[in-house]
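Input: a single structure, listed below in structure tokens.
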Amino acid sequence: ARTGVPEVIYCEGKSIPQIQGIINRMSEHHSNILATRATWEVFEAIEKIGLECQYHEQARIMVANPRPVEQVGNIAVVSAGTSDIPVAEEAAVTAETLGNHVNRIYDVGVAGIHRLLNVCDDLFEANVSVVVAGMEGALASVVGGLVSCPVIGVPTSVGYGASFGGVAALLSMLNSCASGVSVVNIDNGFGAGYQASLINKIAVNKAPPE
Amino acid sequence: ARTGVPEVIYCEGKSIPQIQGIINRMSEHHSNILATRATWEVFEAIEKIGLECQYHEQARIMVANPRPVEQVGNIAVVSAGTSDIPVAEEAAVTAETLGNHVNRIYDVGVAGIHRLLNVCDDLFEANVSVVVAGMEGALASVVGGLVSCPVIGVPTSVGYGASFGGVAALLSMLNSCASGVSVVNIDNGFGAGYQASLINKIAVNKAPPE
Amino acid sequence: ARTGVPEVIYCEGKSIPQIQGIINRMSEHHSNILATRATWEVFEAIEKIGLECQYHEQARIMVANPRPVEQVGNIAVVSAGTSDIPVAEEAAVTAETLGNHVNRIYDVGVAGIHRLLNVCDDLFEANVSVVVAGMEGALASVVGGLVSCPVIGVPTSVGYGASFGGVAALLSMLNSCASGVSVVNIDNGFGAGYQASLINKIAVNKAPPE
Amino acid sequence: ARTGVPEVIYCEGKSIPQIQGIINRMSEHHSNILATRATWEVFEAIEKIGLECQYHEQARIMVANPRPVEQVGNIAVVSAGTSDIPVAEEAAVTAETLGNHVNRIYDVGVAGIHRLLNVCDDLFEANVSVVVAGMEGALASVVGGLVSCPVIGVPTSVGYGASFGGVAALLSMLNSCASGVSVVNIDNGFGAGYQASLINKIAVNKAPPE
Amino acid sequence: ARTGVPEVIYCEGKSIPQIQGIINRMSEHHSNILATRATWEVFEAIEKIGLECQYHEQARIMVANPRPVEQVGNIAVVSAGTSDIPVAEEAAVTAETLGNHVNRIYDVGVAGIHRLLNVCDDLFEANVSVVVAGMEGALASVVGGLVSCPVIGVPTSVGYGASFGGVAALLSMLNSCASGVSVVNIDNGFGAGYQASLINKIAVNKAPPE
Amino acid sequence: ARTGVPEVIYCEGKSIPQIQGIINRMSEHHSNILATRATWEVFEAIEKIGLECQYHEQARIMVANPRPVEQVGNIAVVSAGTSDIPVAEEAAVTAETLGNHVNRIYDVGVAGIHRLLNVCDDLFEANVSVVVAGMEGALASVVGGLVSCPVIGVPTSVGYGASFGGVAALLSMLNSCASGVSVVNIDNGFGAGYQASLINKIAVNKAPPE
Amino acid sequence: ARTGVPEVIYCEGKSIPQIQGIINRMSEHHSNILATRATWEVFEAIEKIGLECQYHEQARIMVANPRPVEQVGNIAVVSAGTSDIPVAEEAAVTAETLGNHVNRIYDVGVAGIHRLLNVCDDLFEANVSVVVAGMEGALASVVGGLVSCPVIGVPTSVGYGASFGGVAALLSMLNSCASGVSVVNIDNGFGAGYQASLINKIAVNKAPPE
Amino acid sequence: ARTGVPEVIYCEGKSIPQIQGIINRMSEHHSNILATRATWEVFEAIEKIGLECQYHEQARIMVANPRPVEQVGNIAVVSAGTSDIPVAEEAAVTAETLGNHVNRIYDVGVAGIHRLLNVCDDLFEANVSVVVAGMEGALASVVGGLVSCPVIGVPTSVGYGASFGGVAALLSMLNSCASGVSVVNIDNGFGAGYQASLINKIAVNKAPPE
């Protein structure tokens, strides 16, 4: 990525010293460094080396060297159940840090379709929707049928038994009978938030972030 | 099964002479014999041996030795797309032959949720619903969330690529976030129609069919 | 769900404060709140906030704000092995809390078919049977062949190696050669108990619970 | 294999000239050559080169250079449904050609458990049982629980949808809760008949066939 | 979809009369009706009922009631091998029919990376890229790393053995180490072309098509 | 099982009190009770309630109420690598407790085929062979090709990556090109030892154990 | 590929005119063009446009514009069963066309280990071995254990049932307990022959072919 | 393996005393014994019994009884991301201990293709390349397209969700569109390093190591 745009580090499977080293190097020339899948321990380790940073606990995202960014346009982040919120937050915080306005529409699972229908106006205002759902992942199809903007589905690993760690939701979204739906990896809130940002920035007539 | 109730034969993988033999034997003591996955060729072969029979082409069901049955109660058979109709018809004709009133509610896929909401009253009147859907199979969850009667999901093999011959719809239905949904095998319209009949007959205070 | 009917919360993956908050809110207008997959820790946390509750240890179900309910009709909960009992109990306690009479028929695996045949009379009296089995899951087919009421199969994750966490039992039940069998997700005792309740309530001429 | 014992050729995927060549060579020193998965076309091609042979149509087995063999001991070949008969016959004819007495016990699927119980005495007389079943494959467990001789399960590819070409039956048999059950490949009637022969020959105090 | 926007029909699994009926009905109020997975036979059947239509053979798309549309913006459709072209064409023709300018960049597989690098300027000019690849599907990651616009990956079923009908390419794209990549179903050129159109239309400051 | 023959309890997933209760009851009428997958903790708990027992650590088998049994016949237990020994021991100790003479032939993996060929004489003396192997499980085929007695393959979960917890070895054994090989579940040393005992007892002209 | 080295075209999924066009273009500057998965129809079509070519029927390879090449070094191509020969020939003919001496060692499956041991001297003389096997694919491990040169395993789709189109052999080879074994895609004789050529050419101190 | 060449022990799943015993025995006649998947605990246990040894922490390899070896030829070990380094180091240290010169080319993932193109000269100098990559594993194809030496792909288990523990990378590499690529098991750095050594030793005209 070029100067002035956020750098990203994926923390899972990296040691604290590795993370400290990478962020330290990045912070010389960059601000708003996104550290995804970051634990409290990571947060404290970065503070210890004297870098300013914010921790978004639910999203498991740490932003190092934060600077204020204008949040423009409109990305809807829609989620089905309480347990899907961490992934939804990963998408939302990623998008916000990249300078997008995010509208969180949570707890609108398809088993209670009226809750979803009640927020249709919010859905219609978005330039792009991120739909986060585990179990049967049906929400992506229903939202895709309601809206005419692009929909990015994020299957989550929420569920048990034949959910197979998110495979049921992944397959469901890939086979969506609604047009305009594409999909990212299971639990990949970051990837969805990032692509949503690319699309939303197009809509607000700004250069894409990367 | 005991005297007076329909006998069933699954034709796939049986030769014409085998099917003729089996149905001939059955027809000595039984009427309304259900032959599922029956082709026109099967139908003609049964007529040739002098047995009366009716052929339901879309359902691929032949009823040998048919006799009129009163159709009681109310079973909703709901389906998503045009290509799911053969499986839906297998469920519907099975249930009708077993003496149930069936309400067909077709082409109400979740990508156009309003068509489904428009038929809610029909759904509410059923004692039990059979929901037939391929691709992402989300319809079972949405119907399950709307109604308070038991829902029997039938995933179909309609789709391509990552639908894996109905696996996507099957997993989707097994992981339904709506309570009150159980599932039968991929494309098993007969099994759903049969179980729906057992439940509907309970509701109309008759002895169950078998 | 509407006023007067039980509310349900699935505890797995929720924090203690989240569960406390949800149940506290629910308990303002509801009684007999079902908390499934609840640990002792959850039970103690709910007692600590001053709510009355009962803990069914084997079923891993906590009932908050319990009130006596008449238990009507007859649901058979049949299970194969000792290790399947927690899932069977989840089904049984769910159904009892929802106001159904439950007949527990445990330890009647197919490898000792005579124990099962000895309890046939009990099986014949039920309006609906829940069959809980892991490993090869054959019990659902055998029970389905014996009874003429609807059978709801619950595959369990009991087993090792090629049981693949319940997949062997799940596939076995989906392919049951007995008519009248439908299936819920692996280990989903709650879902089976809930659907059995819907069917049993039909039989006792009461409005379905939801 | 050494002189005096049957030779075997698996015909699937071999051309007629290849099969003619192989059997011609074999027939110089061997009799009772087993050609499995043989079509009528194969049979006619072998007759054309002047070799005596018998064709077992259902078993899809051709025996070239046949000579009478005493059929000793007792192998039960048990099968569930009509569609499983070709595989059962492959096992039975293999065993008979190898000099074993075979007792065919067909059409005793678990959905009608009483038919199976009625033939218990036949089952008890066998030195070894071959159990052939598709769909959910539960028959192997039930037979395994009834008898105290070794049971060899043969899952078949009979079924559709989530039977996955015999995988459901295979997994079911591998996870059998009955002791004394081992399993061969899907549709491998030959392999089961061959191993059953080895075991039965032990029982009749003869040298094993190979 | 509302008046003035294209209607779509998926032909696979529908009979000629069904397709004729559906398109006939649609053509009363709509133009540029997209019939995907259409054969020559379908084309001729539609001409026979007196409707004007165009057939795009490689794309297997028929456009009924065609009218000229301005093709605006810039969508890159990138593909790896010769065998991937039908899916790429499905995406390209879909997008063109929906009023987008499409730049076809074919035969730039990753095994010859320099061919891809030579067309970088073309890639940089697109508002959105559709990347079509079978076998190992690596092209989506390489393109995703080069461009800063959104990338929609379309895995194809091209390959054999462990490509498992497109699963290898699908998994590859879902796990892309490049940010900004989302994925549609195997061989779903239509879905990618449709979503690319939604994004491209945002870029050209027009109302999205649906 | 009837009086005089060993009873078996599978300890995995049972609590110490459950195991104590079950073994206590069994020990009233039975000796040589086999407790498989038993930990040291289980052993100590059984000693604590005053029952005599032996613990076979590698086999993870505890024998409660042990009595001397004559060990007759000859069962070869063959294994590939060091890590497969626990499963091989489960088979061997099971067979010994059931009254069979066992010949352990360990560490003869196919990558060093000469070690295996050196023990051919031992292999030839057995009435039945149990072959235990993980990773690619090729040993079952090689042994099956060498011997003319029945071979029972036990795939183990030893391996990593594409061994998929024993699936690679399981599939390998199911597809064995050697005749006379059947297979039990992954890691199921008990099942193999049990069936080997049934076969070996036939050979020594004794009644089978169950 | 650069001037002087063979060009390759994979024919599966290409039309006759497409293949004619590609080979025509290639033949302007290249000789010994390899067309893999070529049918007789392809061969005749190339002859028709006036190009010299040879057809290797078993290998399904056509060599267009053939010129004599010196065949140097020593590559062993080892195969298990008769049905594996087409894939073995694809490897052998590929390697020969690329200028390597090939030693074909066929029909040495592991079920008859002595046939393999009898050809050990041939195996020891090769610079690299290609091992082709279907079903359980054990041959790669046994050969890998015997030789000290690199071994390239080619799983084939030969088999049925749980061979899953070559998956059993593929997994077996990937988990080989012998060191020095790597694997190519199922049925990919070309890929193995090509890599074997690269290695053999190193051994004969020539520049690698590409 | 014969005298003078390294012995190898795979530590995972072996107890400390087992490892001590095996290495102690080996060290009587061998030097440079490779212990893979060795923990610090293993290292300390070997030092405690008085054997000299070196521990390569990232590679998780311990070399017991080390002696200096000349490192000849040129093996490139290429890896995609930081998390793939342990597997890459396993390959590199294995190859170095076996007497090969290794050129480590790390952190050249395909999402930043220019980093890879910048090191092309290094790639061209190698006799053989080991390519280590997780997630989508595309690096093997890109490197395979660039170089004309043999490429050994090592898929790693790095990733989450639909990476399925390395399956996505494995399938990607098996389906590589580049010629000259073969593959070893997921995370099998040792196997790749070993085979690379065999090939590199050919190139330097030395006897292969085993």
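In this document, chain identifiers A, B, C, D, E, F, G and H correspond to the written order of the chains, with residue numbering beginning at 1 in each.
Following the convention adopted for this analysis, a contact is a pair of C-beta atoms (placed from the backbone, for glycine too) under 8 Å apart; a residue touches a chain by one contact, two chains touch by 3 or more.
These figures come from a predicted structure and were not determined experimentally.
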Quiz item: What pair in A-E, B-C or E-G shares over half of its contact pairs, by residue number, with B-E?
Solution: E-G
Practice problem: Could you tell me which chain lies farthest from subunit H when each chain's centre is the average position of its Cα atoms? | Solution: B
Quiz prompt | Pair joined by more contacting C-beta pairs (C-F or A-B) | solution = A-B
Exercise. List the centre-to-centre spacing of subunit B and subunit D in whole Å, with centres computed as mean CA coordinates.
Key: 36
Self-check item: Chain centre separation in whole Å, for subunit H relative to subunit B (CA means)
Solution: 57
Quiz item: Distance from the CA centroid of subunit D to that of subunit H, rounded to the nearest Å?
Solution: 47
Quiz item: Counting only residues that touch at least 2 other chains, which ones in subunit A make the list?
Solution: 161-163, 167, 170, 174-175, 179, 185
Exercise. So, with touch as defined above, which chain pairs make the list?
Key: A-B, A-C, A-E, A-H, B-C, B-D, B-E, C-D, C-F, D-F, D-G, E-G, E-H, F-G, F-H, G-H
Quiz prompt | subunit G partner contacts - residues on subunit E that touch it in the complex | solution = 82-83, 158, 160-163
Practice problem: Under the touch definition given earlier, write down the residues of subunit E that touch subunit A in their complex. | Solution: 8, 127, 148-150, 152, 170, 174-175, 179-185, 190-192, 194-195, 198-199, 202-203, 205, 208-210
Quiz item: Any idea which subunit C residues touch subunit D in the complex?
Solution: 80-81, 109-113, 117, 135-138, 141-142, 144-146, 159, 161-164, 167-169, 171-179
Self-check item: Complex interface listing, subunit D residues touching subunit G
Solution: 12-14, 18, 155, 157, 165-167, 170, 185-188
